[in-house]
Amino acid sequence: MPYVNIKITREDATPDQKAALIRGVTDLLVEVLNKDPATTFVVIDEVALEDWGVGGLPVAEFRRQRLSADRLTES
Amino acid sequence: MPYVNIKITREDATPDQKAALIRGVTDLLVEVLNKDPATTFVVIDEVALEDWGVGGLPVAEFRRQRLSADRLTES
Amino acid sequence: MPYVNIKITREDATPDQKAALIRGVTDLLVEVLNKDPATTFVVIDEVALEDWGVGGLPVAEFRRQRLSADRLTES
Amino acid sequence: MPYVNIKITREDATPDQKAALIRGVTDLLVEVLNKDPATTFVVIDEVALEDWGVGGLPVAEFRRQRLSADRLTES
Amino acid sequence: MPYVNIKITREDATPDQKAALIRGVTDLLVEVLNKDPATTFVVIDEVALEDWGVGGLPVAEFRRQRLSADRLTES
Amino acid sequence: MPYVNIKITREDATPDQKAALIRGVTDLLVEVLNKDPATTFVVIDEVALEDWGVGGLPVAEFRRQRLSADRLTES
């Protein structure tokens, strides 16, 4: 009876994409560990960009800086 | 100093029902493990139906299919 | 289909006490929100004292200091 | 940059099976949401049977009762 | 590659304050454990007052009662 | 009354380092959000290397491959 929690940044994931995640994770647990889908829960959390940090920065700022760095490297 | 997280689907739980959950879980921890209520946290998360999966399906779809199956069985 | 996670410090909770927590939380969700026990999960995590902090201190140290403070107040 | 937490009962999952879960979930997030594997974390928690409850019972007891019920139904 | 989840009550934390939490936690993990910021995730959850309980009460009620108790003590 | 959960790979963090994390996170929440340390919980989870995945691989394998890639680049 697995419980899976998927946290992603909130960026326009559609209900169909969420259904695909739920289906895919459940199938995976059946294939790999022979788990029963009827007792497999999947919970998706969408997290606002300002609430997710990586590299010590909120995601939006982190992406801006990485983009700038890439441009410097390329030029 | 327990920490309890309750995840439920978002389906019109009222503030009074939430208060009853908080009270009930805290009382339970006092009774069973003699925990101090002053350092017992309860956090309730309501999860949108499209973000909760069971049986490989989002909850709403899961319920529809189970209902259809029940009707087939009964007829 | 609720999911409940109970975190407690690891201090000799017995299997019977854990079963009482599982039973109690499940009953509570039935009473308050009419949830189906068959799709109610409860997961208990026991956390080592050195891995739990409160008041800026690991729990064991927190308790020692509070005990000392209590003695000072009483004397 | 997704974060995925998979909780399963502790029942002899091998390192290879865990690697298959990590690989499968990461691939799924690439396919469905075009996420970057380099910033996709997967954390697996194995939970002792006595710490996981369903139907108001610890898992081992839940399975025993369901097995008994199945036998009654079949006979 | 640490993952840190910070849960706070929803009470007007600003984007700048959240950025300060992300920065501070990441720096701390670098200092104490020499972790790589590039693979350090911080996720902040703001929880509505009615969804957070302490002392067996929702936070708002808990504060009201403590305030009343303080006034009684002072008078 | 914040709750902070820190997940790190299990790699010989000492009790003193854990205490430093607990102290540091608590101080940060006081500074940035004026939270009360007495109701600030910090829970540290150490996760076995085989249970943590990044880049679609368990951490140990991920590090081996990155190290090999670095050597190829350098030579």
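Every chain is named by a letter (A, B, C, D, E and F) in the order it is written, and numbering of its residues begins at 1.
Everything that follows uses one rule, which is that contacts are C-beta pairs under 8 Å (C-beta built on N, C-alpha and C of every residue); 3 or more make two chains touch, one makes a residue touch a chain.
Every value quoted in this text rests on a predicted model; they were computed, and no experiment measured them.
A.B. asks: If you take the chains that touch chain B and keep only those that also touch chain D, what is left?
C.D. replies: A, C, E, F
A.B. asks: Could you tell me which chains are in contact with chain C and with chain E alike?
C.D. replies: A, B, D, F
A.B. asks: Return the chain pair with more inter-chain C-beta contacts, choosing between D-E and B-E.
C.D. replies: B-E
A.B. asks: Based only on mean CA positions, could you tell me how far chain A sits from chain D in angstrom?
C.D. replies: 18
A.B. asks: Go ahead and note the Å separation of the Cα centroids belonging to chain A and chain C.
C.D. replies: 29
A.B. asks: Go ahead and note the Å separation of the Cα centroids belonging to chain A and chain B.
C.D. replies: The mean C-alpha positions of chain A and chain B differ by 23 Å.
A.B. asks: How many Å are there between the centre of chain A and the centre of chain F, using C-alpha atoms for each centre?
C.D. replies: So the centroids are 19 Å from each other.
A.B. asks: Could you say which residues in chain F touch two or more other chains, in rising order?
C.D. replies: 1, 3, 7, 21, 25, 39, 41, 43, 52, 54
A.B. asks: Indicate which of the five shapes (line, ring, star, complete, other) describes how the chains touch one another.
C.D. replies: Per interface graph, the chains form some other shape.
A.B. asks: Per the touch rule above, enumerate the chain pairs that touch, sorted by label.
C.D. replies: So, checking each combination of chains, I get A-B, A-C, A-D, A-E, B-C, B-E, B-F, C-D, C-F, D-E, D-F, E-F as the touching pairs.
A.B. asks: Taking the touch rule as given, give the residues of chain D at its contact with chain A in the complex, in rising order.
C.D. replies: Within the complex, chain D contacts chain A at residues 1-9, 13, 17, 20-21, 24-25, 28-29, 31-33, 35, 39, 52, 54, 59.
A.B. asks: Flag every residue of chain E that touches chain B in the complex, lowest number first.
C.D. replies: Where chain E meets chain B, its residues are 7, 47, 50-58, 61.
A.B. asks: If we count contacts the way the header does, which residues on chain A are in touch with chain C in the complex?
C.D. replies: 1, 3, 39, 41, 43
A.B. asks: Which residues, counting only chain C, touch chain D once they are in their complex?
C.D. replies: 15, 18-19, 21-23, 25-27, 37-38, 40-46
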